Amino acid sequence: MTRTAVVLCLGLLGLLIAGASPGGALMPPAGVIARDTPGDGGGSITVRWQPVVDAASYRIEAAADTAAFAAVGEVGADATEFEHEGVRDGEAHRFRVVAIDAAGNEAVSVPSAPVASRPQWFAIDLIGVAIAIIGLVAVVLWYIRRARRGEHLFIRRIAGLEAVDEAVGRATEMGRPVLYIPGTGYMSDIGTVASMNLLGEIAKKTAEYNTPIVVPVRDPVVYTVAREVVKGAYIAAGRPDAYDTGSVYFVVEQALAYAAAVSGTMVREKPATNFLMGPFHAESLILAETGAATGAIQIAGTDMVTQLPFFVVACDYTLMGEELYAASAYLAREPLMLGALKGQDMGKLVFMVILVLGTILSLLTGRDFTKILSTTGY
Amino acid sequence: MSLSTDIWVWIGAFLTFCIYSFLYKDNPLYKFGEHLYVGVANGWSLAFMYLRVIKPVMVQPFGEACRITAQEGLRAELFNPMAPANFLVIIPGLIGCLYFTRFIPGQAWLVRFPIGIFMGYYTGVAVPAVIEGSMFPQMKGSMVTLAKFDAASGGGFWSGIFAIIVLLGVLATLTYFFFSKEHKGITKVGAQTGIVFVMIAFGASFGFTVMARVSLAIGRMVFLLRDWLGIVS
Amino acid sequence: MNWDRFASLDRRYIFLLMALVIIIPILVPMNITMGTMRVTQDLFDTVDAIDRTKQALMISSDYTPQTEAENHPMIIALLRHAFARRIPVLINALYVEGAPLLDQALKQVTAEFNARATSHADSIIYGRDAVYLGWQPPPIVPILSMGQSIRGIYPVDYYGTRTDSLALTQWTHNYDQVGIVVAITSGTSPLWYVMYAQPKYGVKVGGGCTAVNAPDFYPYCETGQLSGIMAGMKGAAEYEALVAEKFDLEDRRKATEAMASQSAAHVLMMVLIVIGNIAFFATRGRKS
Amino acid sequence: MREKLPLALLIIMGLFGLAYRFMPHPGAEAFNSYLRDTLLRIISAFALILGLGNLLLRHAHRIQKREQDWVHSWVLILGFGLTAIIGLLGGVAGEGSLPTKVGNFSFNITDIYNGLLIPLGASMFSLLAFYMASAAYRSFRAKTWLAAALLLSAFIVMLGQVPLGYQISPAIPQVTQWIMEVPNTAAKRGIELGITLGVLATFLKILAGIERSWLGSGR
């Protein structure tokens, strides 16, 4: 009974104090600082201030040089920062912040020192990405350097690539061509770049075996590259005479039209071996199923994760993701390339360590260690 | 039943049959459809490449620069590559022409310049893109935090357990892709677990895609039965 | 039984069976019952809860004719839902290829309702109950600009009428008068609304996507950024069923009908897999 | 010189492509957009001309030599020629100098796109429904444990996709969702992370001149 009374009295007292506090008690925001937003392309100034008790919202006002202050934005009670965009670079602005309480009372801060925005050359918020790139580049270069010193490097068997010799040999025995499909991507896809590197190695083999290679290409830029690659491979293999200028040809840019034409080629020219290497899209299964129906040996490889299932189902061998990038190194057995491959492995190890450590630390400390992988907030 | 009277619908129906006839076997109808497709698609590419690229990006700025020079004389701003009228658009054209040097004996090496520009720029652009767009979010998503177990932040006991399974799956799959280590001992266990995850994923993707692909076939059949033959409404 | 023949069955028989299981259900339409996924139910509930006197439903679309079979029924189902509850509808197209399809859908559903209407108030009137805003490239521009002013970015509608002369667009100024944006896509446009419009203007976003893309959307439903989605033809069929049951409509349900073809095709594939495995083990057992 | 000069240009382009992402300065932005929207686009237009020349010559050759299917080569060349002329002279929607309408029949390049290319593309695309069935029949056989895992997960997900699965047990769609969210996510993430490193290593190999197949013969 008495306890209830005490609680009631205290409550009433509290209400009285709250009600008695005058409206003018709303303090203006202190510590208003404006500075050029870092790591951006200019045209933006960031204003910061210290929070005010009782403020329901803040209005930010700006003035260019001696001009009058005008509102440029309004934010909620939780905010202590505002990014004013659309400023002309080099033009000085002063800022002030107006705290507004629930009743609509306002308290105006002291204006900030004048500040002008300017563009920067480095995006500071991407520092994490930059560090990751530098770190991984260092790891890979380190192993390339070790390989250059002549260190022997082991590389595990990759079934799809072990089968390349046999597949080309089979075409030779049967007197039929080898079909190489360099994907349906652009030169801008790294999968296409990897496919071109692999094409060089496979063309060397068809040159050695004296088996015709047919390379229909979807993208005109890739076509120009593929042509040089095959020609170069025949010369490197010492068989420039065996190079047929018609072996690499451009078909059409539209992927489905390309699939229609290449399906026709598969059925009519009956290549003994089909290589499908590079980035593929939905047409992957059209090509792979048609090829399977003609009885060709099919070795596929793609870095398009969505298309891998169809190659796995319809082809004899499939290089998955990274294996496509590793393929040319595997076939060439060039020490420096193998060094790069070893470097990639170490990169994976780094990934695994970060994942495990991040998880353990997050679970033990209860803090969110995934934040180290944010691209902003440094 | 009301047959279509639109010529384009009839053409569409005929071409659909041309393509579908390939399911039986290769035949002159398919060959017709295929060659028409390749021809028309290339004609379309050429027209659009001219209308959307060559004309606005090269011909017009250059022509405009010539016109200004003729009327008002040569000015420095006509050599600003960003200006709507400038002479410098001729440079990419000249680089593009280097492709044709391979028909000139002894000068074929010049082809390497346009190719080098493409290879260099795009391999460079890809690096931050994969690090920022793939590595960071994928790693971030794979780490397990207490929030995954916390019902208040949308998690729970089971979602926490599943998050741990995902993490183990990621580690196992990465192990499978180790090239410089023979799959023996702990690596073997990891790699084999990894490939099981991969196979389950591929099966699931395959099964999941069936519906979308069947939808495409339904779309075609509806075109034939409704738009062309008018059998169904 | 001679399993050898099945072990290496000519694939043309499979093609023939596939064609039949797709065509027959189209010729003989049937509605099959199915459960409703939570994401579909959530979307339905959110649309259903719009206060029609204060807010409109916005349907945004960026699908191409290639995915018409999956996406088009979603638009139809949404329009039926809105019209049955007399929720005003704003429609926009993010890509030009799909723009005529939206016009067609709007006309079709308007005709369905007006055929039953008995009075002017009861009818669906263009300009009062629905406005087709048309297409403004590139997609990001209308998505952001509609937060400020819908009439500003769409001064005229798809048919060239000034939007300030239409009753509906006179009171729908920006996202504040939009109960939910449902983006129907063959790609990922609902996520553009989530990324660009939602943080700034707080608008609710829902989606309708192809089956292939559905896994990309589930995480956003979990976090509530998406109020719900229709995933592929199945999602469309579920939404159709929800609308038809609640409002007792008897119009054709294309996705539901197509689900019969879908089910038949899926069952065929599963049967084929089973037969293939039986044949494999039967022939292998004999060989060894 | 014939190798070093192009390689030097490649290195400059590669380093700029990499660094550009970290440079918010409008100068870098402007240079990049010039590179991407003007330079590379024009160069690739020339590549298309080269490619089309190659294609047309190949088919002209076929016709000349009366090779197999030479009649169809005429179809290709005529289809190409007519479409190109209609597009170049008739404009995108028939606004050009060439009339693209006879009575009610309109055949401008947009009509050709909608009337020819879309049905052809949609038909090719829809072949996938058939090929998925044949591929599944042929390959989904439990020859090994791995093949069984592939088969089983495909089977469950297919079942979970249709009303039948729900009727058999409401758990089936849930299992489907679990497979999509847990093992599927894990495997795809692992592959994607590997790809990240592959991209980086490919970049380094090309810039360091280790991978030089793109240089071709130079002859």
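The letters A, B, C and D name the chains in turn, as written, and every chain counts its residues from 1.
Here is the rule we use: a residue touches a chain if its C-beta (ideal position, glycine included) is under 8 Å from a C-beta of that chain, and two chains touch if they have at least 3 such contacts.
Here the structure is a predicted model, which means the values were calculated and not measured.
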So using the touch definition from the top, which pair is joined by more C-beta contacts, A-B or B-C? A-B
Farthest-lying chain, centroid of Cα atoms versus that of subunit C: A
Chain centre (avg CA) closest to assembly CA average -> B
Whole-Å distance, C-alpha centre of subunit A to that of subunit B, is 15
Computed distance of Cα centres, subunit C from subunit A, in Å: 30
Report the inter-chain centroid distance for subunit B and subunit C in whole angstrom, where each centroid is the mean of the CA atoms. 25
Averaged over CA atoms, how far is the centre of subunit A from the centre of subunit D? Could you give it in whole Å? 19
Which subunit B residues reach two or more other chains? 19, 22-23, 31, 33-34, 37-38, 41-42, 45, 99, 111-112, 114-115, 118-119, 122-123, 125-128, 131-132, 135, 139, 142, 167, 170-171, 174, 177, 198-199, 201-203, 205-206, 208-211, 214, 216-217, 219
Sequence positions of subunit D contacting 2 or more other chains: 18, 21-22, 43-44, 47-48, 50, 52, 55, 69, 117-118, 120-122, 124-125, 127-130, 132, 134, 136, 138, 140, 150-151, 154-155, 158, 161-162, 180-181, 184, 188, 191-195, 199-200, 202-203, 206, 214-219
So which stretches of subunit A touch two or more other chains? 126, 129, 133, 136, 190, 193, 221, 224-225, 227-228, 251-254, 256-257, 260, 268, 293, 306, 308, 310, 312-313, 320-322, 326, 341, 344, 348, 351
Going by the contact rule set out above, which residues of subunit C touch subunit B in the complex? 12, 15, 18-19, 22-23, 26-27, 29, 66-70, 210-212, 214-215, 222-223, 232-234, 252, 258, 261-262, 265-266, 269
Using the touch definition up top, name the residues of subunit A that touch subunit D in the complex. 39-42, 119-123, 126, 129-130, 133, 136-137, 140-141, 144, 190, 193-194, 196-197, 199-201, 217, 220-221, 223-225, 227-229, 231-235, 240, 246, 249-254, 256-257, 259-260, 268, 282-283, 285-286, 288-290, 292-293, 303, 305, 308, 310, 312-314, 320-322, 324-326, 328, 334, 336-337, 340-341, 343-344, 347-348, 351
Okay, in this complex, where on subunit B does subunit C touch? 23-24, 154, 208-212, 214-219, 221-222, 225, 231-233
Which of the residues in subunit C end up touching subunit D in this complex? 9, 11, 14-15, 17-19, 22, 32-35, 37, 65-66, 211, 215, 218, 234, 259, 262-263, 265-270, 272-273, 275-277, 280-281
For subunit B, which residues are in contact with subunit A within the complex? 19, 22, 25-26, 30-31, 33-34, 37-38, 41-42, 45, 99, 102, 111-112, 114-115, 118-119, 122-123, 125-128, 131-132, 135-137, 139-140, 142-147, 167, 170-171, 174-175, 177-183, 198-199, 201-203, 205-206, 209
